[in-house]
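The first chain written gets the first letter, and so on, giving A, B, C and D; residue counts start at 1 in each chain.
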Amino acid sequence: MEKKWRTAITQHVGHETYIRGYRLLDLVGNLSYAQAVYLILKGELPNEKESKMMEAILVSVIDHGIAPPSVIAARAVASGGNSLNVGVAAGILAFGSAHGGALEDAMRFIQEGVSSTKSVSEIVREYLESKKPIPGYGHRYYKDYDPRTKRLMDIAKDLGFYGKHCQFAEEVQEEIARQKGKRLVLNVDGAIAAVASEMGFDWRLGKGFFIIGRVAGLVAHVYEELTTEKPFSKRLDEETETEYTGTPPRELPPEFRRR
Amino acid sequence: MEKKWRTAITQHVGHETYIRGYRLLDLVGNLSYAQAVYLILKGELPNEKESKMMEAILVSVIDHGIAPPSVIAARAVASGGNSLNVGVAAGILAFGSAHGGALEDAMRFIQEGVSSTKSVSEIVREYLESKKPIPGYGHRYYKDYDPRTKRLMDIAKDLGFYGKHCQFAEEVQEEIARQKGKRLVLNVDGAIAAVASEMGFDWRLGKGFFIIGRVAGLVAHVYEELTTEKPFSKRLDEETETEYTGTPPRELPPEFRRR
Amino acid sequence: MEKKWRTAITQHVGHETYIRGYRLLDLVGNLSYAQAVYLILKGELPNEKESKMMEAILVSVIDHGIAPPSVIAARAVASGGNSLNVGVAAGILAFGSAHGGALEDAMRFIQEGVSSTKSVSEIVREYLESKKPIPGYGHRYYKDYDPRTKRLMDIAKDLGFYGKHCQFAEEVQEEIARQKGKRLVLNVDGAIAAVASEMGFDWRLGKGFFIIGRVAGLVAHVYEELTTEKPFSKRLDEETETEYTGTPPRELPPEFRRR
Amino acid sequence: MEKKWRTAITQHVGHETYIRGYRLLDLVGNLSYAQAVYLILKGELPNEKESKMMEAILVSVIDHGIAPPSVIAARAVASGGNSLNVGVAAGILAFGSAHGGALEDAMRFIQEGVSSTKSVSEIVREYLESKKPIPGYGHRYYKDYDPRTKRLMDIAKDLGFYGKHCQFAEEVQEEIARQKGKRLVLNVDGAIAAVASEMGFDWRLGKGFFIIGRVAGLVAHVYEELTTEKPFSKRLDEETETEYTGTPPRELPPEFRRR
């Protein structure tokens, strides 16, 4: 009878663990962590170029400071008196459609675009007409080009990953400028999306790269919170930093008064 | 053979659900929600006084404004682009030892104190000498008495729940004042702890009352965030509200430069 | 300047907490918990009929046994050696689009249907033609009617909440039978959705009723796990209950062998 | 005035991100991910030996199959209809004191042991007399030695990390055998703990290595669940796999019947 818990990832043979068919103990000391990540996600070992590209992607998202919602959530939860894993999990919860989601959306956009019969010009026109933002394009500060995109694309070129997905991503950037009369740069989410697509990863895994890369930043933040700040830290001063916009004080109607 | 998933809470007989032995459909329309909470936690139906006491406890913790870590975490996670359940869960994660944990600790303190052979005076002396805070005592603003404690204790007296646990809790308050020469008021966590102990609940369930009562506040906050605020809201301005205390900018050593 | 943390739910005046304008201390001992839930979600106090309807809704979802994904997740997390709040939060995380989401979807369907200019017959036809399931309809066992729906609808009738939303919901049930030649019963999610819509709640709050009602069940399950089962319980026997569907054991290629 | 949000991890200068003082863009393409992890956790760049040791540690915990509570929780939550990040977070929640916690406990044991004035023999005697398990020792199957420990210790020796912490850890293993007359092997948690201590990491970070290494496994499992299994999968058959141990069906007492 078919079993209800099925997996193609890991198997135990005797007391030995095998990851995607390889004995885990053989991987320890022989693979870099990013190579093992590649293996567990893709099912096959990376070659040297794939290994280097994976390292670059994971490093590029490792942290972005204390202000993003994920770090606020992680440190607030830790501050409630919880252990490291609970704070880190709260941070990962924050990686919704507006926080890391652009990477997944951009991968989907690029993969569907590359396999579409429509021209780049048609694809861009449809988006612009629908007024939906094109995932992976636009940046608050960078108006000419995003230096992180340039860095990743340079590495991709050197390693041989500048193929049709990356080309499509950059063509869309130029096409937006042409149709809109204004540049929306291919941002770092879009760049990672293009390269990961080039490497053959499914867009449904997009947020996974962000989660795996950023988790180290979250661990560092929660550890810092637990070791340098007081529990239940009053980061938000209710009197000066919050605003009440609701109904002013009123009396409980007499029919509710039992006491 | 003994099965691995065992429970004494809920059973299905045919397609009917039974909670602690009662047909769920019979409970709907006949029990208040707080009565059903009492039943599912305690295993038996409450009488009228127990029902009223449970309502009072749950209402007393329903919300405490936007500033606690739980609400900050819940709203930050929602703001990352997640659905209602994910934001609410992040809020509940924040209920660690420093946020709701006092209720559990105070229940344990009171239950162990009541069944101890030591006198109140000895118990208090040991705590004061060890410099550990006594859980359930002390408040930032209330120095004479905590009005929420008074409210709950008045209700407990009317309903017949002012027994040995409540007496013990108030005796400790007086004994602290005597030995320390300074009042540490029995706060609202301590008051709920005393009353819940009087009702026969195990201290390990303490945080459960807080979770069940406060979840409605969290739902209201996350709903408000999702319907009135923009995603990825920039609540923390990195330039003006954060401080970097680490290593100043430095050059990557040449031995690391591959490109 | 407009503040970044705004709320219309709770305000502190002096050291007193006000919920939707009412002094929290006045609510304690005067409101049932379900009345307080209604107040905090809706912004106004319920009348007697609204109070009873709210009690019935919350009780109807309080637990559904040990098998749903939420309880499995909650108990697995608790079993990893975590405290009550962490297990409960994991359970709430499981309330995604396939677990409690039907309530939200059905509320949306009913609210949009009632305010639509299309006829019930057109609405049903469009769904059936698109082969999308109609949220709130169909049940594995109940083919004639869902007894839980009957119970809630009877209560709604008695309390005066059987208005256009409930009527629409039941008309859709009959229309499906007519067009499809087969009954898909209005299930309990659909019934709660109809009644909550009748009470004027926004569909975006739909999952909130489920979360608030079910959280008591989750607390009971996690407490039971923590007090009656061993930590890291081996509920899943790897040898007999799991199946490996991946690549069989293979050798690490020599170019990866550094040791 | 001192700001409320302080961090020593990451700084923005202009629009550039600096991690522990190094420009993030310089790290991309130059550091392996494990090197970046080392940097963000420790505050300094690793040398070549530290880099290799870190890779080995992270790879060694990357996955352990479908049966642990973390994977059950992660897949159950995903199965409820949630996105990748929510499932992964649920898995991380499960890393409590009984699941990954041994690594943290063993690091603390080793670090305190090494800096203690007591002899190994005294330390072991105290534990054995108190009947508390010594964290990091003992294995269900391995009775002579744990092959994973051997692998990590061999690597540690080659890289120069076999110092006083590793020696202490192995001496404890021998001392247990001597005093108890039975071997409790230094297991893989204990081995990682010894090596990470040797590298100068604080025991409070212990679970962090486990979280960072295992997160890739969780991403793979949740992705697999989302792409190969049906939502709300019925993994637990209520009739055959669960056991009800509670009160048998009984009638709701008449005083509760309002309808």
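The rule is simple: a residue touches a chain if its C-beta (ideal position, glycine included) is under 8 Å from a C-beta of that chain, and two chains touch if they have at least 3 such contacts.
Quantities reported herein were computed from a predicted structural model and do not represent experimental measurements.
*Asks:* Where the centre means the average of the CA atoms, what chain is farthest from chain D?
*Replies:* It is C whose centre lies farthest from that of chain D.
*Asks:* Taking all residue numbers at the chain A/chain D interface, are over half used by both copies (same) or under half (different)?
*Replies:* Comparing the two copies, chain A and chain D contact each other through largely the same residue numbers, since over half are shared.
*Asks:* Quick check: more C-beta contact pairs in B-C or A-C?
*Replies:* Here the pair linked by more C-beta pairs in contact is B-C.
*Asks:* What is the Cα-based rotation angle between copies chain A and chain B, on a 0 to 180° scale and rounded to a multiple of 5?
*Replies:* 180
*Asks:* For chain A and chain B, let me know how many angstrom lie between their CA-based centres, rounded off.
*Replies:* Here chain A and chain B have centroids separated by 33 Å.
*Asks:* Using mean CA coordinates as chain centres, what's the chain B-chain C distance in Å?
*Replies:* 22
*Asks:* Can you give the whole-Å distance between the Cα centres of chain A and chain C?
*Replies:* Taking the average C-alpha coordinate of chain A and of chain C, the gap between them is 28 Å.
*Asks:* Two-or-more-chain contact residues of chain B, please, as numbers and ranges.
*Replies:* 4-12, 27, 29, 31, 65-67, 82, 86, 89-90, 93, 95-97, 100, 154-155, 233-236, 238, 242, 259
*Asks:* Take each protein chain as a node, join two nodes whenever their chains touch, and name the resulting shape: line, ring, star, complete or other.
*Replies:* complete
*Asks:* Mind pulling up the chain C residues that touch chain A in the complex?
*Replies:* 2-13, 18, 20-23, 26-27, 29-31, 43, 45, 82, 86, 93, 236, 238, 241-253, 256-259
*Asks:* Please give the residue numbers of chain C that touch chain B in the complex, ascending.
*Replies:* Chain C residues touching chain B: 4-12, 15, 17, 19, 24-25, 27-29, 31-34, 36-37, 40-41, 52, 54-56, 58-60, 62-67, 83-86, 88-90, 92-93, 95-97, 100, 104, 141-142, 147-148, 151-152, 154-155, 202, 204-205, 207-208, 211-213, 215-217, 219-221, 223-224, 226-229, 233-235.
*Asks:* Contact residues on chain B for chain A in the complex?
*Replies:* Touching chain A: residues 65-67, 69-70, 72-73, 76-77, 79-82, 86, 89-90, 93-101, 154-155, 158, 231-238, 242, 259 of chain B.
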